[in-house]
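You will see two complexes here that share subunit A, one where it goes with subunit B and one where it goes with subunit C.
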Partner chain A sequence: MMSKTYKMNKIISCIFYLLILTIKLARTTSETFTEELLIKPLYSEQLYAHFQFTTKWDVDPSTENFNHTRIFPRALGELLKRYNIQELHVSLTGGLWRYENWGYPVTDAAPGAEVWAWFKRDTPDVDQNWKRLANSLSGLLCASLNFVDSSNSISPEFTFQPRGVTNLSSINNKYLRYASLPREVVCTENLTPWKKLLPCGSKSGLASLLNSGYIHNTRYHSVALHLRPVCRDDSCESLALELQQSVSLVYDYLILGSRNWSLRKLFGQGVAKSCPLASRSEIFVDTTVSSTHSFELNPPPDEVVTSIRGGHESTFAKYKESQSIAVLSPPPLHANQYLTGYGQERGGIVTKIFNNHWGNLDVVLLQNIPWYVPVYLHTLKVVTNGVENNPVALRYIPGRQRERAYYLEVLLKLPPKSTTAVSIDFDYVFLKWQEYPPDANHGFYIGSAVVSTNLPLARNFTGLPQDGSTLADSFNASRSGYLVQVRTEIMVITLPTPDFSMPYNVICLACTVVALAFGPLHNITTRRLTLKPKPSEKLFVKLKRGLTEFLQK
Partner chain B sequence: MLFLKALTSYILISFLINLCQAQSINFPKGGQTNNWAVLVDTSRFWFNYRHVANVLSIYRSVKRLGIPDSQIILMIADDMACNPRNPRPATVFNNANQHINVYGDDVEVDYRGYEVTVENFVRLLTGRLPPGTPRSKQLLTDEGSNVLVYLTGHGGDGFLKFQDSEEITSQEMADALEQMWQKQRYHETFFMIDTCQAASMYERFYSPNILAVGSSLVGEDSLSHHVDPAIGVYIIDRYTYYALEFLENVDRQSNKTMGEFLQVCPKSVCISTVGVRRDLFKRNPDYVPITDFFGSVRPVSLLTEVKIQPLTSKRQEAKESNQSKTINKYRYVPPLVNFNTVITPRIGTQ
Partner chain C sequence: MGLLTDPSSGQGKLVKSLLKYHPKICALVCLGGVIWFCALACPQMNANTYFSENALLPGLVKSQFHEDRAASTFHDELVDEMKKYEDSLPYPWLLAKFKQLGLDAYVHNFTLYSPLGTGEKYSGQNVYGILRAARTSSTEALVLSVPYRPPSSVHAPTTASIAIMLAFAKFANKEKYWAKDLIFLITEHEQLGIQAWLEAYHGVTCGNDNVLDHGDLKGRAGAIQAAVNLEIHNTRIGQMDIKIEGLNGQLPNLDLVNLALKMCTKEGLYHTFKNKGPEYHRDPIKEWKYHFRNLLAMAATQATGIPNGNHGLFHRFGIQALTMEGFEQSKARGSSKVGFLSIGRIIEGTFRSLNNLLERFHQSFFFYLLSSPDRYVSIGLYMPSVCLIAGALFIKSCAKWFKFQQDSSQETPDESQASDGKDIEPVKVDKIIIVFLFTHFLGVVLMNSPQYIIEISDHYNYNIQTSIFYTLIGLSVTFLLLPFMVPFRRCERSVNAFSILAMLELGTALICTSMNNFSLGMFCAVMSVPLALLINPTTCRYYSVLQRMLWLLAHPLVVLVAVVLANTYMMFPNESFKEKVYRSLDASQQAVIYSIVDSMIYGNWLFSVVTSIFIPNWLCFWCVAFSSTMPKNKVTDEKKRN
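This part shows the complex of A and B:
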């Protein structure tokens, strides 16, 4: 996508690049690429497949100029350099992850497009860089991310902390931007450029399983890019750059036709050849579920890995080329969001957060509300099991029409086994005539709320630890907390939409009125009717008439 | 002596002429050095599935015939392939028998959904895009570019509707092309349009080197080909259906001409009369290979001498200078704030 010029000196450049490649190989810049696939039969009627492609490059992102790369995609490196980015997270998702039934995914993603980025401290104009970054990403991923600008972006203080490493003593959310486009559709046109960022492309390795016809015939599909600086070694004194590319798919047994699955049935083909650039290509199948829904694996796995993590034991069948996970009971935290009210004057947004855990949970709720949904902070109510619950802290920046979105972040302590409803009221507003989209009657979208917490238990949890890059890093990775960021449903509201054909109708009606009423009225009122005496005829005329009358007889 | 001098100079001159001729063969004829395609579907909503199938048919053909994705600007106003109403996700077919999946497995859409507007289209053609526009959304043509412009949607006498909410007039279209010509943004243009009263869209053209074809004359409707019961709507339009049928039999080495392409849809199958405008085009379409517009020129020249310059590694220098600096200690930030340390509730405004 990025390289466009085809000129006469193509061959020169070819030779030139070959040369650079050999030089680079000779120099020791360590780049590792791993590809993994996790297949996890869910306790519900679904099957979860997660592809994780990780590129780790031992290079300091602040000094690297990204002129030459080997495995790492240069297009992304250039973005990093040009827009002064510390870390970048992009996801494009079709469908909604059903936390209540499916547990937690490896990476959370909101329906539609979601982008968030941390910029470096020395960025002079974060808003401009953010806008340009969104533009570049729209070209890179063929998505309408260019609609992201400061009017629909927010800088949350708590929810999106940097995932990578930093040497700064404090974190300033001035350098963070978050935006979501809930309307964005995801299809082959997004997957195609995404696959081109992989070192082996789509022809070999696990990426060859990503066939658009099969992966879009699912309940949920999500394509994501996560770019962040990580520690190069345990001492953590130098940086490395890590790129995680992931694809999450949820297949429905109803669509598949049976509960028996195979790689061919899921993806249309098997893995023909491995990616020679990958240091590790592994498929993991979560067999924890087989204790209740028994199943057999054929061919038998090379190794069975048992992972005990935060008090939850799961078993994984490990295939050398290539493990799975399930939901025993509802996950500790899940959330829903819905609209209340009727008519087109006033409405409300309610976010329900369920804590099924036996202990307290500290939860951060983030709402990014577009400027055309003006909310009223005084109507904010937090009710837990029928009792008002005072938030620990509250951050709110009111929106400004056409300039800034409404930002609301609420820190809550949820008592054990509770249901909390956070509600806020809003007004419906009229937009300017030109601001309505071509399909205004379809409605306007409000993005999903993000509910974040550190779970004390890893039940139903498949996410990667913060210091880990691959799925293999998540086995036996017991930590003090497991971060989940639950995304709620997106909502569609019908703003009062004017009748766009009204001006035309008015012109037609006015013209008819003018034609029918004005004309005769004008005639009557401006003309004077007077009697006109008949002039006496001359002799010649008399004779002529007499003659014609005679002739006609 | 004089005779000998004349002979040697004659040999020298003829040799030089030969050399020049031999060299000129390497260059494409007529000043064309590259190919670009601007393919636009202007219709939103599911019942306009056929317009997306139309534009993807042409996209498939130009891509197959060698124009790279970086030189194709594809504008699609709505998502049909992954539309929930599509019973076969990630596919768009050219007929009810699912003969060709025109959407394919490798597609890059440059402008989609709400981005397909008259403003963006005219800005793209004339190159007056806002700063920060990615390369894939720019028409980077020059005076050696042959540009294929294909439009499909709902139109009328002298206009083409965009997204059912705005329209481009034939005069605006003609002015945009004239601006392209003045800015040396094309060498030759092939303008194709599949819409009702298509001929009205090219009537006002006044810039040179444009060959235009429309699926119907003024006063005529362009008709769709057939219904696919599985999707419940018309699947493709007649003119593009037959154009695709013709293009499927064309390969990169093909000798087929533009003249033949202009006759792909006689009135007996198209029902509407295909209109052609040749007066602005200097060449005779019967002698213009179809690959001049649907294929791609890829000039390749062999080099015998390659000069290799030693590379200086800036990174290593940077590394060395870094090592001399004080050692940084990096850390991971806790992903979630500790609630006990959070500051008293406050409401901040910026």
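This part shows the complex of A and C:
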């Protein structure tokens, strides 16, 4: 009896504990998911659509073991735990964001694949974790991120500061890794696994608009994933984990066929219903441009949005007038990158940075140059409006063949309304014959440079503030500076390439020769030679024998 | 080989026969080279062109271009607009059009500081629009260029090509399949504009410094893969001519040429190369004649090293380019004319094929000769001809070397026996090298002289062109006195060694030149080798004078005047002889000046190569021709008498 009650007590207490535990769990694992879509007609002939899916999980990322998640994708959580990651940013982009004409996007991304991560300070071997992380991400997103390793990664000191909550005094770029794969072609195969990370998948909600048949017909498409620790509330006493998943698309009216756009025209279908797991599902349409490119929204935006249409309310003559070139004011800072020189001996990389702002701008230029493009620091030249401009600070780690990329970071002060050209020369090198890709004559890629600055004003700026996680947070969010990270073009260079068809021809020729030589050689070496006495017959006898042989036949 | 190099056993069978028959062998080999070249025009020696690059997929897509009405409108507008601009580019109109079509439009300014004389300054403007491809991030680009010609220009107008270019841009910007940016470039001042634009695009200077200020470009679009230069002279054309010869004789990849021709065939437009369409004859002689004429026409253009269209300046930068020139009149019987629709479709087909390229042009041929639009001679087949001709020089020098060694091995025992060794003069190696280097130093002086002449004549206010020309002639004539300063011209052995050196240099220079510019190498070889083979240190006075006279004919300046004279005879057969001479002198002066200016602006190496290699080498042979040696047996006879 005693033992029974004891048992009962034990069971009850067990249940009680479990209950408390579950209540506790339920409280600590409060997860919120919001989905937003921003549609912004650009000043040029393009339309910008940005999807932002944010998952915020009130959990301390350092203590959580990610065995159980509700909305947050568990696959990512496991990565976070296993590789000791503090922050992770991945983007897969097709096309180039044209800063000069389009202004700034919500999130910047370089063409191809770009990934950077901060590891926690107690990580023993950052390089190994980084390589493993890249391999895992490669499987998770079906991208060639497995090519990321220490030979094409760098640890920039200034450009990529942690975006989330961090201990300022403990920032050490030893724990940062940045790599880009400019050659990566982004397509449906990357979008599908990315959509699977969303709580509703692509079945309902705004994500159902992401039909690959439509979104790859754009001038620019970028899929991104940002993971960082944030404050749980304004007091910032405890941490939370935030995952931002975004898709940026730029449609061209010329390719669309008209300036009248609707969700159906852009994405192939309207929104059926919102994701039931989302706490907010919202669509924002930027109507700032309507003063020059007049358009009207139908139905009015305060209602439940199922389809949005823009139409011209003006007469034909007015339409023509509105089509006249609107004065396009370029954004305060944009940059280009190009190669100089010809032939296959010496070349140069030039990055041109345009400051259209009326004040000074402090910028950081980051170059991640692959090891097969050996640059020379003594040729670094910074020229602003024809006058030499000494960098404020310079960080340079020379690369090593097949081991380490060239890392160059330059801190510059740009005078107002100026153009600055940063140039550096390089040599063309020969590679080992196995290092050439199958399409050797396509050329080799150099990734885009990153120009970062804190803009004093938010003209052409749509990015999120650092303390915000959703698009709604970016409204009326005036800050002292607006961080932009302009990505330049990627470049393709032709390294000295051997004629790969020649070895093939040589092999064919050599095999033929060997085959031809083999027969007689084999014949000679294997034949047994015996001495045969030469019959000394007279001509008459010979003829007679031949005749009899002939007759016998 | 050991047999050949071992001096002690230098009397092998081969060597003996070489020593005995080398004049005949040389003549035979030389003739063989010329015959080989002529035989290249036989159908057995050349082959049908074919597409080597599979990624091009030429003409496989259905043409969709339908903006021919837009092209006519653009044409009419442009003709109206051009009336407002006497001799400059209507760039506001062009810029506005590019922007309306949704392209990134830019202006490029450049300045030319006249290389002849100071102070003169010419400025020009190019306009270009970039269609940003939807599929990629501006890593690669294709160029469609048109030279703008104001109404006052002496060249045929290109208004129609600007119209069709704009219409094509309008069509192309709506398409989403572009994987390479398209650059639409309108240049001013013919080749100068395109050179400035290319230099600015690549951030380099090809010619002398401070001559062409290429300015800067505001927009770029990555590595340029291919370029098509369009010169359509009329709104309706009956013939499309393909021009390929570029600067310094460089040629575009044969696949690109095939592509352009294939597109013309597809649209049913009569296409030509060197103004001759494809012809098919039953008679083998007629067929050979047709092919040979085309070969010679191409070789003549290529040998000058001057591009025959704006495409020629792209080649240096590794960009494959050609010019498509559309004429209203067609030479073909019964051929029909086509309008903007077909021209647009030809452009569309070409660019969509180029858009398919995954790798840059690397297959097919970069070195070839075309004997008709659809037949080619590859480098493997044409190089033997020039190698045979130059080989004659090597054979002769080889024979001379053996002779030389034979003499020395025979004389060495004699020397020990002879009481005084003075009669056998040792080879003056140091002096030979000094003379050899000195001739080349003179060549370098000649090469750099124009710059100094310009400065001096500018100081004294002389006419720069005439002063350059006559100074060059004066210098060349002065150099003719060089043989009298040669210290070893009475020593036969030294002269022989010197002539071996000269022959080896000429042979090497010819083969090297023909590797770069086959036509130039072949032309030089045919002109100089037979004469060079005749030059020997001789005792016969008449032969000596004869060889000097003949060798004078091979002087590059004399050759130039002769070629120009022949050209004048063909161009103006009705003028009197005196007029012809004056005219050709004037023309050769122009030719010299242009080659100097070309080397200063474009980096054309014809002038440099001729002055720094061929003239010094010519001087070496000149020295050999002036050697006055005593025959050896005579010397020994005299000795005996003594």
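Methods note: the second predicted complex is superposed on the first by the 448 of 553 C-alpha atoms of A that agree within 3 Å, B and C clash if a C-alpha of one lies under 4 Å from a C-alpha of the other, contacts with A are read in each partner's own complex, and residues count from 1 in each chain.
Convention: contacts are C-beta pairs under 8 Å (C-beta built on N, C-alpha and C of every residue); 3 or more make two chains touch, one makes a residue touch a chain.
Small disclaimer: the values here were computed from a predicted structure and weren't measured.
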**Request:** Look at A:Asn217 in the shared chain and tell me whether it touches subunit B only, subunit C only, both, or neither; answer first, second, both or neither.
**Result:** both
**Prompt:** In the superposed arrangement, which partner chain does A:Asp127 touch: subunit B (first), subunit C (second), both, or neither?
**Reply:** neither
**Prompt:** First (subunit B), second (subunit C), both or neither: which does A:Glu537 touch?
**Reply:** neither
**Prompt:** So, does A:Glu403 touch the first partner subunit B, the second partner subunit C, both, or neither?
**Reply:** neither
**Item:** First, second, both or neither for A:Gly343, with subunit B first and subunit C second
**Value:** second
**Message:** One more residue to check, A:Asp439. First (subunit B), second (subunit C), both or neither?
**Reply:** both
**Request:** On the superposed three-chain arrangement, identify whether subunit B or subunit C touches more subunit A residues.
**Result:** B
**Message:** Just to be sure I read the superposition right, which of the two partners does A:Asn101 touch: subunit B = first, subunit C = second, or both, or neither?
**Reply:** second
**Request:** Using the superposition described at the top, list the residues of subunit A that contact subunit B and also contact subunit C.
**Result:** 94, 217, 439
**Message:** With touch defined as at the start, can you tell me which subunit A residues reach subunit B in the complex?
**Reply:** 1-6, 8, 10-12, 15, 19-20, 23, 27, 59-60, 63-65, 94, 131-132, 135-136, 138-140, 142-144, 146-147, 158, 161-167, 171, 183, 185-189, 192-193, 211-213, 215-217, 229, 231, 236-239, 362, 364, 377, 391-398, 411, 413, 437-439, 452-454, 466-467, 481, 483, 500
**Message:** Quick check: in the complex, which residue numbers of subunit B touch subunit A?
**Reply:** 34, 44-45, 68-71, 79, 81-83, 88-91, 103-110, 112-115, 132-137, 140, 163-166, 298-303, 306, 308, 311, 313-316, 318-319, 322, 327-337, 339, 342-350
**Footprint of subunit A on subunit C - complex, ascending** = 96, 99-100, 102, 104, 132, 134-140, 173-176, 202-204, 219-220, 222-223, 316-318, 358-360, 362-363
**Item:** List of subunit A residues in touch with subunit C within their complex
**Value:** 44-45, 94-96, 98, 101, 111-112, 217-219, 252, 254-255, 257, 325, 336, 338-343, 348, 350, 439-443, 445, 489-494, 497, 499, 501
